[in-house]
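Okay, so chain A shows up in both of these, paired with chain B first and chain C after.
On to the complex of A and B.
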């Protein structure tokens, strides 16, 4: 039961994260901003709508969003909660989690290519390139987390806090995970989730042809993915396991809020990177992760 | 034949130039630094059209006018003088006069040609496009329906990965036939066509039209009316430059400046609303002056509002131009060199951002305006950064001008009544520096004193091609940013 609490919390609360980010951005810009619950309203609206399908598209267009959402859901099942291990946990499960997210992306990329639109192909190629660069960074940070963990699974690696000597190299990990979060979730400085300009988009342009419930799956899947990475970042820092369940949950939720606000602040104070500069950002994060790993093992 | 910009030209005194001499003189003058302001046709004898060329010299505000006998073909000027390329395409499309040797004779507005009834009218956007072939080259077509609420235009990119090898822009979707509707005027509708030629440049086009009629009739607007018109022109510039700076910020995802400028643009539009009750200045400028006067309370209200909004926009621009992440996107993006800009006849802030001192307020000041009233702002790097900076500096200059003009508004009436009849066989030119660049109106009257031809050249006419060239070798994802740094008008081009 306990193990499922986090899943339920993620499923229910995830659409709140984009709402909070947008509120932070609006406040920073001197605007009132849309309602905090806007993503829920959007989902409710989209689910009731019909689907428009291009006559050049095949079944892949409809399958993409469903597979994508299901894959993100599977990844969430492997993520431990603040007070309990994950419902499914085994040695090396972080690989499965990473590739569940990869499968989710692949499904969307195939659906985008299926439309035959030059935009969507362009967006798909950008998405594939950047996620291929983000993947090694994610694995390097998993390895850092795995050093000294009781078992090599997400449940064993996370929630222990920054144990051992509080060396600077350990503090890199949440920072690197935050950069991966921004990349994987198409936030500024990598992508601009609010732009309406087809030619600069990455994620948004891939999903231009989706509508109705399919679009709802994509929006909801994106919220769940954001939750996954935010929770990963929080659990990599906070020693929630050593606290009582109530305190653990409180600290976890506070951490999630902090990460969400941090995303909003990043989006408010900096411009997007030039597309060709994104690999440098990820390369930097990767170098930092490698350094962190070497230092951690060495000590 | 040379004349001053504020002089009426009697067409009966202009000799007919043979085509070869016409061509030589145009090319010689371009080499001497003249600009081709307009290449157009006038109705000639026996239903033919004669080719006319209006040129301008920036340093002393002289104009030059040349005309040929009616013709059906002539050797194209474009290979030697690229700034003519769109004029020649336009003339071929409208009148079927063939510029022999034109390298890329495509439709401009897809209007079909009355002179060639056997050729069917092409569907908008359906024409040849330049294509690059190769293993990894791909073509991206955007529009005419876009993801945002903007005007229709078609963009074809030939890309090698993310790099743009060539961009071709297809316009004409907004063609309304304004120039054809103006022939036979002026009538009650004329000024409304001017106000909507490019809706965001209402004041600019109205002032240019007013200048044409005032030159034709030989009357000048009263000092107070002229001052109010110029204040409105600068307010229009302020509102649009503010919007552009905000849009540049928005395109790189820098939200604070985008949000602030969105609001401040509205504040400036409201200032125009204080003057005449319409935020876009509809119904304000009329031939002979303005239709509205400013009372003392309005002057005080306006001064206060402009000062407040001015402080706000300079603050919003300051945080944009010190943000290293935004500058990293602006610098070096969409660079145009001065030579290219000169060749294609670029105007307005994009030309000044390349270091070309082209500003109609300096070269061709309106009667009653001083050439040095508003300092010209130049930059020389020619990239998005330069175009943004020129706008920011022009905001400052316009704010200074408005503050001074409001504090020292001449007394007297705001409008002089123009006579109903215009002199026959005359040509007059109206040149106004709108916020987007030099707006050119050329009118020629027939034997009855009605418009035989009325030519409107919005700054977008030349600058769209500048955008296409600025994008070569850039990343396709930087197109929206480059596009915003030019911020051109679709309807102003399509007319």
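On to the complex of A and C.
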């Protein structure tokens, strides 16, 4: 039961994260902002709606969101909690988590291409290109975390805190994971989640033709994915393993809040990068990860 | 062994019957029937015999050199499996594709003769235990595709492709003949055992040279970078059922040969392993980036073969690195991953090529620019292509993921090897594997999404119709194999494990421990995959319930307030990959040329997007042109006057006599 607590927490609390980000952005802009629970309201409304299906679409349009959400759910199964390891963990499980997220991405890309819309094709193309670049960066940061871990699994690597010599390279990893979070979840500076019609869009433009329960699956899946990466970033820093369960949970939730606020702040103070600059950001993150790995191994 | 004999006999009978029937309709029944029966008999033999059994037989042989010595061991059986599965599927698919009368119908007899001969040659190569026998089987297996490729030889592209194939096959064969001759002469015998024993005693001088010769010879067959150039020329032009056998059964023979050569050459040295790792990674990255850039479905699949064979080579390399460092866990995982990947690649690639073949027959083109929306009119082909695409991109819940995971496990185990260099190498390889996975996803999202989804881009694609049960039966058969491979991934992995355990010098205790660990991991992954499928199905059911309750409405695709979108406005293959092409201009080599009137008012303009292969254009073409020039110069002595030729013979004999006396 204990092992499932944090999964349930993720399933319940994930939609809160977009709400908090929006609240931070609104406050920074001097507005009151939407309710914190807006994503829950949206989800409740969406599942009660009917769907509008494009004439062009096949079964893929419906299958995409369902497969995507299921794949994100499976990735969550591998994520450890603040007080307990993941329900399933084995050497190399980070690869399964990353590839589950890949399946989720492929399902959405295909669903987007299913409509035959050029906008959605554009979003799909960019999503495919940038995520492919983010993948090696993510793997490299996992390798840094793996150094000295009892087992090279998410449960073994995460939650140990910044152990060993507190060298600067240890601090790179949370930063890199944060950049990967921004890329994979299509946040500023890679993508702007607030505008639906700009040609610069990635994720939001891919889901233009989804509606009703399909859209609910997509929104919920995106929230879960955001939770997954935020938790990854938090657990890479905090030594929750060495704390008591209650303190671990408190620290974890505080950390999640901090990461969420940080995303909101980044979105408030930064502009979106030109598309062709995004690879430089990811390349920089990758180089930093490689440097960090070499330094960590060498010490 | 009896099943193998039956299978070989079926192939032989099929070949003879087909050629006897000539161009008649019966050739199109007897030829495929022989191939099908032979493949099914072989398949029964592989599946019925216990996984670790090994048998050996020596038959009479009329040649003064070598012996007709055949053997079956776990490695042979593992590599025969895709040959038989694909042979059966391709025979049915080919029979359906060549049915009826068209320009080439009078050649069906010879076509099926060579098809059966190809399968026969493949079976013999995988079972030969003697260098001479191996080389003869290798030649049969290498020559038969030349005749299969040139079925439609009235097209100049087909003739060109067949020619390229022949040259590539023989450059490889030349290296192999040199390799085996050197090994035979030094070992004093032609059987694999004798050569291996000589290598074990250290009687082979220059093992590095032997390794490089074997690598070059087999890499030409596998299609590793930079020997890959024949794949993208041959696959698009050969008939699809032939391509399916070539891509899924024949190029594996290169891996098999490399495996046997590594077994023979004795204890490996670390640099050999790292060379294979590097070659594998370069092939994988280059292959998938090139695949992503291409607009032709079959050519894209050909480069994807380069990628996947690169991953296999990477696994073999990890095996050698592990063996050289004395860490048999790394070695075991690397070899297992490579063998497993061979199997899953064969299933996916065979299915993809047969699907592409259906598209070609129905639409008349496999250029993505001519396709689109096919899943609506050919739902089975579309669904199976997308299934195989997800599988070959290495995504769970299919078995492609297991192969890549086992390779990753080998690299993770390799992080513990002593020294900084192996650690950096393994970490770099893992990051490259992740990048390959990401790009493969993008490439197959493009291939599947733009060909089968969206709106048809041409009238031919809009009128596409499925060709009926017989044409779809082999696709369904391969799809069942793909699903079974996902369900029984642990069983397949233990099959690969049995073959890897036989690798010479392997310390059994740590190797078995590593295999047990990998098997346990695979079972866990299978459980999670099952959970994934159940969860997705449940969500889909929930979605259908909800939408049934709240209404479903059809409407045009939202055009962002533009009311007259056409199919031509859809994203194309070129536009889909443009971001990646800009990020990585060198490996993808995409050239974009816009010819537009410079005036103020828009006039007719042309945009040309191409992705030429720089390795072919800048490296091989100049070499081959130089060779051709050299050969042209020799035409002075080759003029067709027979009396002068006889004079040459006389002059040579006199010269030889004068030299020797």
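One rule holds for everything that comes next: the second predicted complex is superposed on the first by the 298 of 299 C-alpha atoms of A that agree within 3 Å, B and C clash if a C-alpha of one lies under 4 Å from a C-alpha of the other, contacts with A are read in each partner's own complex, and residues count from 1 in each chain.
The working rule: a contact is a pair of C-beta atoms (placed from the backbone, for glycine too) under 8 Å apart; a residue touches a chain by one contact, two chains touch by 3 or more.
What you see is a predicted model; the values in this text were computed from it and never measured.
Student: For A:28, using the defined touch cut-off, is the partner it touches chain B, chain C, both, or neither? Pick first, second, both or neither.
Tutor: The answer is first: A:28 touches chain B but not chain C.
Student: If we overlay the two complexes on their shared chain A, which of chain B and chain C does A:195 touch? Say first, second, both or neither.
Tutor: first
Student: Quick check on the superposed pair: does A:276 touch chain B, chain C, both, or neither? Answer first, second, both or neither.
Tutor: both
Student: Would you sort A:13 into first (chain B), second (chain C), both or neither based on which partner it touches?
Tutor: A:13 contacts neither chain B nor chain C.
Student: In the superposed arrangement, does A:267 touch chain B (first), chain C (second), both or neither?
Tutor: A:267 contacts chain B only, not chain C.
Student: Contact-wise, after the overlay, does A:209 reach chain B, chain C, both or neither (first, second, both, neither)?
Tutor: Only chain C; A:209 stays clear of chain B.
Student: Under the stated touch criterion, name the partner, chain B or chain C, that contacts more residues in chain A.
Tutor: Of chain B and chain C, more residues of chain A lie in contact with C.
Student: Looking at A:44 after the superposition, I want to know if it touches chain B, chain C, both of them or none. Which is it: first, second, both, neither?
Tutor: Neither: A:44 stays clear of chain B and chain C.
Student: Common interface residues of chain A with chain B and chain C?
Tutor: Touching chain B and chain C on chain A: residues 118-119, 121-122, 197, 208, 275-276.
Student: In their shared complex, at which residues does chain A touch chain B?
Tutor: It comes out as residues 25, 28-31, 118-119, 121-122, 188-189, 192, 194-200, 208, 267-277.
Student: Quick check on the complex: what are the chain A residues that touch chain C?
Tutor: Going through chain A, the ones touching chain C are 47-60, 62-63, 65-67, 69-71, 73-74, 77-78, 88, 90-92, 95-96, 98-100, 102-103, 105-106, 109-110, 113-119, 121-122, 124-126, 128-136, 138-140, 143, 146, 152, 197, 208-209, 212-214, 217, 275-276, 279, 286, 290, 293-294, 297-298.
Student: Mind pulling up the chain C residues that touch chain A in the complex?
Tutor: Result: residues 372-373, 375-376, 379, 382-383, 386, 390, 393-396, 401, 404-405, 408-409, 412, 415, 420, 423-424, 427, 430-435, 437-439, 441-442, 444-446, 448-450, 453-455, 517, 520-521, 524-525, 527-528, 531-532, 535-536, 539-540, 542-544, 546-547, 550-560, 565, 567, 569-571, 575-580, 582-583 of chain C touch chain A.
Student: Considering only the defined contacts, which chain B positions touch chain A in the complex?
Tutor: Touching chain A from chain B are residues 138-142, 146-148, 162, 249-256, 258-260, 263, 323, 325-326, 328-329, 333, 475-481.
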